[in-house]
């Protein structure tokens, strides 16, 4: 579902971390760890196709990406946001499904309020509802625990577990472990210096 | 596609600003102009004045074109999720045109009268704007996509797109002037349509490239 | 040439070392050519070319003005081409080319405007007249400024490269449209005095020096651009082996 | 105070856009105007045209006045932390004027020439802008503070402030016209100074109130 | 240092939680807990004077407020941001103090990079450095653990402990407990309904 060969993300011509090689298969839940500034977000953005400055190569299925920015339109209600997102994925628009997802995420009460009037955690939950609606099998999540209360954190663990059980895969950057049964861990660190060619040139095969 | 259009439509409804305001701005600036330069009213210069104001209105409306979606992360989601981002981009451009260029087209004749244009050229004014403003939205979208990542996009945007707007301005003005002098309108009509078509051909790709660049700035 | 061969060529071009080796001889040639042509041209045009029967000596501004005006446009198109190459083949070096063309082009455009308006004083009786060429040159100037502002606004070198490449391309596509529209517009309400702008049927002893000057300007531009590209290469590759060898080679001389 | 000024200054340095761009925009829109309406050049209408363009430039420069600080939370910090927010607000307004109004003042005479004003009124043009533009920055700041919370501030802002700009516009134009007709400049000078002073008196308080309202929207 | 008498924050004329009464003295560390949407952020904004729609009353010393938005200027470097902030507090600008603070917060390496180029956690750490610089005794922190890696979370606990030891006070909204020795807890919940006057009128004494 996702394979990385000696992948190194670059910022300002500098490699951020030691080359990463890993194969993520269906059913895998990979916890992406690393100190602040290790390059987790950048790696996820790269895998999502939002960051093209890297060396090495990767190959990934269509993915669902959840960055630091939630991607909810503050003017629209959670329901409308879900409808829009389903449209992006060329899915049919079925209100019931959306309502179920919101209920599961615990923000049904706010289904008809503009998202800008939701609290931080409530917005996070709406984003989670979007994962439930999505048909993508590879989830790329950047610190999904942020702003979630205790019940929300448990819910997140459940949702991820189920998704993997159904043959999906999750790569999830986080600082506090997620309560998922058999997960793998990918730690980002920057030790060696030869990954840091610093010549500012792109790799010869941007493989795009 | 339908869902995308629906969202755009809802946003227009919610942020009424987007729709009502280009109208109001155009009216106000015309008014200001009439107040500040009454001698220009009814003069040879009116078609040019009118089109200048249209340009500036478009410019002001352009700034917010992608900003909200960029800040909220909606743009990320669109580029990551959509199979063909072009559809989404074209939808956005279309709505931008509806909420600016189209309204301008409707207002145009009225403003023309306000500025002392004879009634018989009202049609020409509307026509020039109808086939001219799409080019503004399309080319403008390119500039907006590249500058959306900037803290102070507004004026870089102006710098980038105003030169690109120039041909539209000239032919648009020319069309109205030709109508005034009872000349042949065809050349200007062809030219304007050509420009809009060229813009239509390059805008989606250039915009996509621009948005990708802006998203990499994060 | 087959597609793959093209690709290989571009990759070669993309490899800084190859490019550096290739252009070593060019720079020297261009440099000297520029110097020689400009000297020769200016002496010839200022001293020996006959004075214009109606404009007297003021027409000699032409020998700066026309080359500047032509170069101004060529440089922008050059940026567009470089931008295209850079975007399609992800070739970093092209950004250096753009970075080199940008200030030069801006200055040269300004020079065209400046010399033009100085020239306008005696011939049109005013510093500035609104006319097809003047406008398109002015717009060209703003196209340059626009890309300059864009580059100012972006910190990351790679993104700056891509953004300015993109806008340079778009601008280049628009240049013919702008020129055409503006020329057309100028026929709408053109003051009669612009017959002067038409290419005057010049005697050869008048346009020959002009030709020399034009060639001088162009080789100077090529020289500066290449030079900047090469310096940039050395700068980036400073800790690469071949650079050290090259430097030692220099010192040993 | 010093620290505040220093920050503002650094920002101007970093986002060079802020400084170079109002210049470029003003030049460009004047250019566009001249191209679109060459018949207006040298006409009676020039002072009004000039001032209209100044107004629109200010407008464009205003939009970003508080937006960045609002989105980044710097505004929150200022209001919570500063003993006297007025100082901070006045600093910001002053820098905004430096990067827009002041530059406009410097450019004004040149643009006047471009639009065919006789050289001998250049001084009057500069003067009118020197004492007129502060009012624009001050009044504009009020509008910017109220609209900064909106998703699509740009045009609401225009709606709010353009009417406030009208008196400045009228007297500014009047001053230049008086100079053209060799009349007495004093009345307009007094009027403009008065407007700027009144604006200076109310702007800080109104801006503070506006910013508080905007911050409560979160 | 901070006292609340039957304080209820309102949104859309609705009380958000049961009246809160509490006195926070020097040296106290209060953990503000509650489900997503309970009203923690709103309460903190109220105490900071950024939200004026409430009933009941409170009285608080000058405070340092850290909301969901960090309040760093992306164009400026951490050092410059600290200098600006010190200026706001009318403090002298001493580079050494700022550098020390940044070092303590573990972002000294980025002291001269524009804040927009810092990772989420690095920005959080710069914000923390600002607390160290500040002279305010009452800290109002909204989910300060967000985006911090493990070492960062420990650091946060230390910083808070020290601040309280030095006679400061901290009110801190959080979903995962902070490792501070003897802290008090203030839980927001919405049970009773008479706090919910729902008449949409502001309280008669906003006490401002």
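Per-chain numbering from 1; labels A, B, C, D and E assigned in written order.
One rule holds for everything that comes next: contacts are C-beta pairs under 8 Å (C-beta built on N, C-alpha and C of every residue); 3 or more make two chains touch, one makes a residue touch a chain.
Bear in mind the structure is a predicted one, so any value in this text is a computation, not a measurement.
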{"item": "Starting at chain B, fewest touch steps before arriving at chain C", "value": "1"}
{"item": "Which two chains share the largest set of C-beta contact pairs", "value": "B-D"}
{"item": "Euclidean distance of C-alpha centroids - chain D vs chain E, Å", "value": "36"}
{"item": "Intercentroid distance (Cα basis), chain C paired with chain A, Å", "value": "47"}
{"item": "Geometric centre distance via CA averages, chain D-chain A, whole Å", "value": "44"}
{"item": "Mean-CA-position distance for chain E and chain C (Å)", "value": "57"}
{"item": "Overlap residues in chain B, where contacts from two or more other chains coincide", "value": "15, 68, 71, 150-152, 155-156, 159, 162-163, 166, 170, 216"}
{"item": "Set of chain E residues in contact with two or more other chains", "value": "68, 74-75, 114, 117"}
{"item": "Of all residues in chain C, the ones touching two or more other chains", "value": "139, 142, 145-146, 149, 153, 156, 182, 185"}
{"item": "In the complex, chain A residues that touch chain B", "value": "45, 48-53, 63-65, 67-76, 80, 83-90, 93, 114, 136"}
{"item": "Contact footprint of chain A on chain C as seen in their complex", "value": "11, 16, 90, 92, 156-158, 236-237, 239-240"}
{"item": "Touching residues (chain side chain A, partner chain C) in the complex", "value": "11-13, 53, 199-202, 204, 206"}
{"item": "Chain B - residues contacting chain D, complex", "value": "15, 17-18, 21-22, 24-25, 28-29, 32-33, 35-40, 43-49, 51-52, 55-56, 59-61, 63-64, 68, 71, 150-156, 158-159, 162-163, 165-166, 169-170, 173"}
{"item": "Residue ranges of chain C touching chain B (in the complex, touch as defined)", "value": "87, 139, 142-143, 145-147, 149-150, 153-154, 156, 159, 162-163, 166-167, 169-171, 173-174, 177-178, 180-182, 184-185, 188"}
